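In what follows, a single structure is set out as structure tokens and then discussed.
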Amino acid sequence: MFELLNSHYNYFAVMLLLGIGLYMLIESRNLVKKVIGMNIFQTGIFLFFITLAFRTGGNPPIIKEGGGPYVSPLPHVLILTAIVVGVSLTAVALALIIRIYTEYGTLDEDKLKQLYYD
Amino acid sequence: MIEQIPVLLVVLPIVGGAIPLVASLVSDRAGWPVATLTLVGQTGLAGLLAWTVSTSGTVSYAVGGFAAPYGIELVVDGLSGAVALLVAVISLGVLAYARKAGPHSGPFYGLYLLLVAGLTGMTVTGDVFNLYVFLEITGLAAYGLVASGRDASAAVAALKYLIIGTVGASLYLLGVGYLLAATGTLNMADLATKIGEMAAYDSTLVLTAFGLMVGGLTVKVALFPLHTWQPDAYANAPDTVSAFISALVSTVSAYALARLLFSVFTVEFLTAVPVARWALVGLACVSIVAGSALAVSQDSVQRMLAYSSVSQFGLVVAGFAIATPLAVVGATVHLLGHAVMKGGLFAATGVIERKTGATTVNGYAGMGSRVPVSAFAFAVLSLAMVGVPPAVGFVGKWYIVLGAVNAENWAVVAVLLASTLLTLAYFARLVERLYFAEATIHSKPDEAPVTDGSGQAVSFGMIAVVVIAAALAVALTAAVPELQAMLEDTLPPLLNQ
Amino acid sequence: MTESLRPILAILVSTVAIPVILSLKRRPNVREGVTLTVAFAKFAIIASMVPGVLSGTQYEFVLGQFATGIELAFNVDPLGLLFGLLASLLWIVTSFYSIGYMRGLDEHAQTRYFASFAASLASAVGVAFASNLLTLFVCYELLTVSTYPLVTHDETDEARAAGRKYLAYTFGGGVAVLGGTVLVFVLAGTTAFTPDGIEALATADPTLARAAFALLAAGFGVKAALMPMHSWLPDAMVAPTPVSGLLHAVAVVKSGVFGIARVVLDVYGPVTMKELGVALPLAAIAAFTLLTASIIALRQDNLKRRLAYSTISQLSYIVLGLALLKENALTGGLLHIPAHAFMKLTLFFCAGAIHVETHTDDISDMAGIGKRMPLTMAAFAVAAAGMAGIPLVAGFVSKWYLVIGALNLESGGLVFAAALLVSGVLNIAYFWPIVYQAYFESPEGHDEKPLIEGPFGGRSELRADGGDSDETHAASDEGEVPEPEHVDHLGKHDEEHEHHGGPPAGGWDDRGWRGGESTWFMLGPILTAATLSLLLGTVPYTAVFLRIVDTIVSNLPGVMA
Amino acid sequence: MSSDERTGLYVESTIIMTTVRVVAPFVLTFALFVMFHGANSPGGGFQGGVIAGSVVMMLAFAYGIDAAREWLDVRVVAALASGGVLTFAAIGLGTIVLGGNFLEYHLYEQFISHVVAYAIELVELAIGGIVASVAIGLFFLLAAGFGHAVDAPEDES
């Protein structure tokens, strides 16, 4: 058990982040916290990709003489894009939340539901 | 030139989308002409592309000249050609509606075109990660568009849509990670050969990837029980946006699901892992039944239509999951037909609301004589959706049922056949109200509750869109043999036959 | 087979009329003129094909590829012609009658009514001429859609409920037909009608073939009102009477029967039917239906409802004739299609005329009405006699063939023959009292009708057909006076509020025998239909229909052998 | 909540203002540095754009949001965003005109040598412009708390 933890700690970290993020996303009544949960969830995924690229003893993927073995550059590129996507999503979400707040004066999901369905 | 079209299809709307932003600083009305011009070009290109594909087969394109497994590849076959054309045509059609119905701001058209770019990108891409990027562009634009409603409830709906949609897309991304770990590639064609070779079909990695990717996409398709964002988003968005996203966003996501099934995991995977197929078929069947049941219990017409989508996409996904050539043709026909019908229905609800203020099932009572043309189009579209022949809704169903019978999947056949009655249950109610009930709303037609100052709430273009959609819902049947030929040219390699 | 435009023309002529009729909303005379012109044109086109078809020509028109291996195609063969000719002929008669009826009652939404009627006829002829199951299904569904506005015409709660029930039943049937069609297609690779059956079905997996047959029979059986799928029909009587007449005695229900005929004769074929053993259950259901419906009809006080149950019963004669698979029985069954149509149309028209003139709908109110409407009731008597199978009227010929066919059966023939005869007696039992009390009783002194007035088993407030509850309707609607144009075609509705039905205070006045009882728009069609049923009963060959039926049967070697 | 209350949140601080004034040029230079490095070393338009955007935010923190908004016209932001998109598209489409595929840079080689690097720089700058303007736009949007949810198209291709 401990060995598994030791050799795969990155995956445990990923799982933990995913779990925390999803929990916040579902359970928190505060809209901002929901968005934070969404971010944590995404961060877990980003981390998962990054650790995929890892190779023991690998070099940065910049080709020079006698370089190899390299860390896989692909996941980094992907995640760079994914991060940008994530940032834009967060921004949009926050913009929406501000609009909701100015209109309804609350960020509480339950209260919002009451107002919303009236 | 022709081989450049796939990339042009994506770039053109992005470029077009940037212009209204600048133009809106000068004139408030500049957005519409620019968008129209762009989409006319887009439609022309998509038509040319579909024609090329149907005459000379699949077109593939390496962005930046990097060859397939390393660079991003765009692939257009019969299936994606048809969907790309659909996206172009419908977005052009909805524009005709938007001219009067608004919103009129420049940024709106920027987002609109961005959504077109995202949808087209999802359609033509041949790379699973690229698909994710376009999925998110589509999502971002869709969230923005939903929120462009004047009412703040639109923002609540958009936020809900955003959070659920993001989780869906993130799950998909996680699945891509698993595939990458299993095979080291992201190109769809490359993945199709490497799954099964490098990683067994029933290995944990591949299975998890399948579960995550398909699960993520079903959120976007809005299958039951992952549909909860959809009714709010459709009902609270402005009419233009409802018509647009109800016609296209779920449609293209369902297309992406099909692409994933056939071009990435392949039918061999479905055969090797029957549980995957059963899970998908089961989900689809539950969606058909539950969507209809929820639709019946709705009071608001737009929400009813949204739940109807849940049910209809169950039908489409069932067709894809059965994965015999006939079922796939049927699912594609229903995919395209549903887009036209649902878009038309939402457009019609917009017209009816503007003219009479009616938004609920009860409010629709007696409106058949108040808005004769739109109500008639609405009735025709409803019947087409129910699957009354010879409308296109019937043809799709016919093929899917035929495929299910060929696969000897009797339970599914029963659900598919019953879906007609389930659909009838909620549409017949509306049509009955429209024509055979005493009106409950008595305001005069031209004192419409929604006007923009010009006195007339509804333009000729808006009604034309509704009528054309109704006509197309019937006329598309004639195009089915053509579509079938196009699909049969490109499907066999996908279906391994 | 001859390529010809005539089949599609026959369908299109009334389709094209729909927008014209709709656009003439403000000019009712021109509108009705269009309806009549189109009705005559349609009949002329179809009639022009009769000589050709009788001499063995078939007119074919292919509209286009519809789906894999299936064409949207029309083909006029003798069986299709039988139905098409009948429907178009009676459309003319009904159009005249409709004008009299709708104007007599000053109905609302007449434009919609005539437009839907034209659409219904287009679909009905489409059903007749369809050359494969899928085309048949397409037209069958369109027929459902186009008749729905007619059923719901009244726009009352009751009409809407009836409309919903109608849609639910017929679309349910449509789904079954679709399922059966798909199965047939998968089993045989085609659904094109072939006389004596599609060969590939004979060798197909028998379980699936049986399942497909069951689905098709059940699907078409809904419109053919086979029990237990009949209950939409009595409820649909809430429609205006011409609709009940043409659609629920001719076009709609006959399209169901016609579908079963197609399935029995041209999809499965008698030989395969026998091998699969599906004929006997079908015959049994038909025999059960024709007896039960006759018994229920005895207890209906509302004239239209009684006619509806009579229809259910008579339709099963046809189905029984088909299911027996004997030459004579087939002839009888198929001939009963036009025979029943003429007679039932007469009966419905009479009921409608009585409604328009006196607002009487219940049989118990009709004592002595022969004095008020002598011609109408005479026509009624003739048609009723035919229903019971009295010679010289159309019903006799067909029933004669049916009974002979049943007796020809190797085994069990006696049972079916007995059922037919018993039902004939029941027919007399439920029609004779009407005629009798119309002419020989007066409102002041008439006998009790224990069957109607005394509830079964002493229970009250429950009607024999179980589903209907006019009383509760009337109670729940109290206080809500229906607008004049919303006159209920079942009549019951209004009784609580104003004196609509029944004889006027001083008894029926005498209108004489020269047509003073009603307008000729109504009397004409009534007398025409009655005459037609007499013609078919006296000179069946000259009246063409028996010749068509003979041609159909002689095309079926499986039956002749 | 009205905008008056929100402006009340701003506190004028000499230290912050001075610091920002000193640091801002360096940050902007750093942003450009990162952008120009996108072609053949770690860096690129995304990161550089965000850094550039943060300059405006720093200014806003120091001098107040309304002052920053006045200083940086919204038209400039919009022009920067759409200009970036158009530049990017022009470079990409240019290769098509020359008969190659989208973004096939080396086709420009016939006009200028080492053009691949220049073209990539240009694309990175375009992306940087888009990202910076979007970040700034969103920042203003969030600060204002009303108006359209998204002001400019996100473009990650």
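Note that the chains are named A, B, C and D in the order they appear, and that numbering of residues resets to 1 at the start of each chain.
Throughout what follows, contacts are C-beta pairs under 8 Å (C-beta built on N, C-alpha and C of every residue); 3 or more make two chains touch, one makes a residue touch a chain.
Treat the numbers as computed from the prediction; the structure is a model and nothing was measured.
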| item | value |
| --- | --- |
| Centroid distance [mean C-alpha coordinates] between chain B and chain A, Å | 28 |
| Chain centre separation in whole Å, for chain C relative to chain B (CA means) | 44 |
| Chain centre separation (chain C, chain D; CA means) in Å | 76 |
| CA centroid of chain A to CA centroid of chain D, Å | 24 |
| Junction residues of chain C - those touching two or more other chains | none |
| Residues within chain A bordering two or more other chains | 81, 85, 88, 92, 96, 99, 102 |
| Set of chain D residues in contact with two or more other chains | 149-150, 154, 156 |
| Pairwise touch network: line, ring, star, complete, or other | other |
| Listing of all chain pairs that touch each other, if any do | A-B, A-D, B-C, B-D |
| Touch list for chain D against partner chain B, complex | 75, 78-79, 81-83, 85-86, 89, 92-93, 96, 100-106, 148-157 |
| Residues of chain B touching chain C in the complex | 326, 383, 386, 388-390, 394-395, 398-399, 401-402, 405-406, 413, 417-418, 420-421, 424, 428, 432, 435-438, 477-478, 480-481, 484 |
| Residues of chain B that touch chain D when the two form their complex | 4, 7-8, 10-11, 14-15, 17-19, 21-22, 24-25, 61-65, 105, 107-108, 110-111, 114, 133, 137, 140-141, 143-144, 147-148, 155, 158 |
| Residue ranges of chain A touching chain D (in the complex, touch as defined) | 62, 80-81, 83-85, 88, 91-92, 94-96, 98-99, 101-102, 105 |
| Residue ranges of chain A in contact with chain B within the complex | 22, 25, 31, 34-35, 38, 41-42, 45, 48-49, 52, 72, 74-75, 78, 81-82, 85, 88-89, 92-93, 96-97, 99-100, 102-104, 112, 116 |
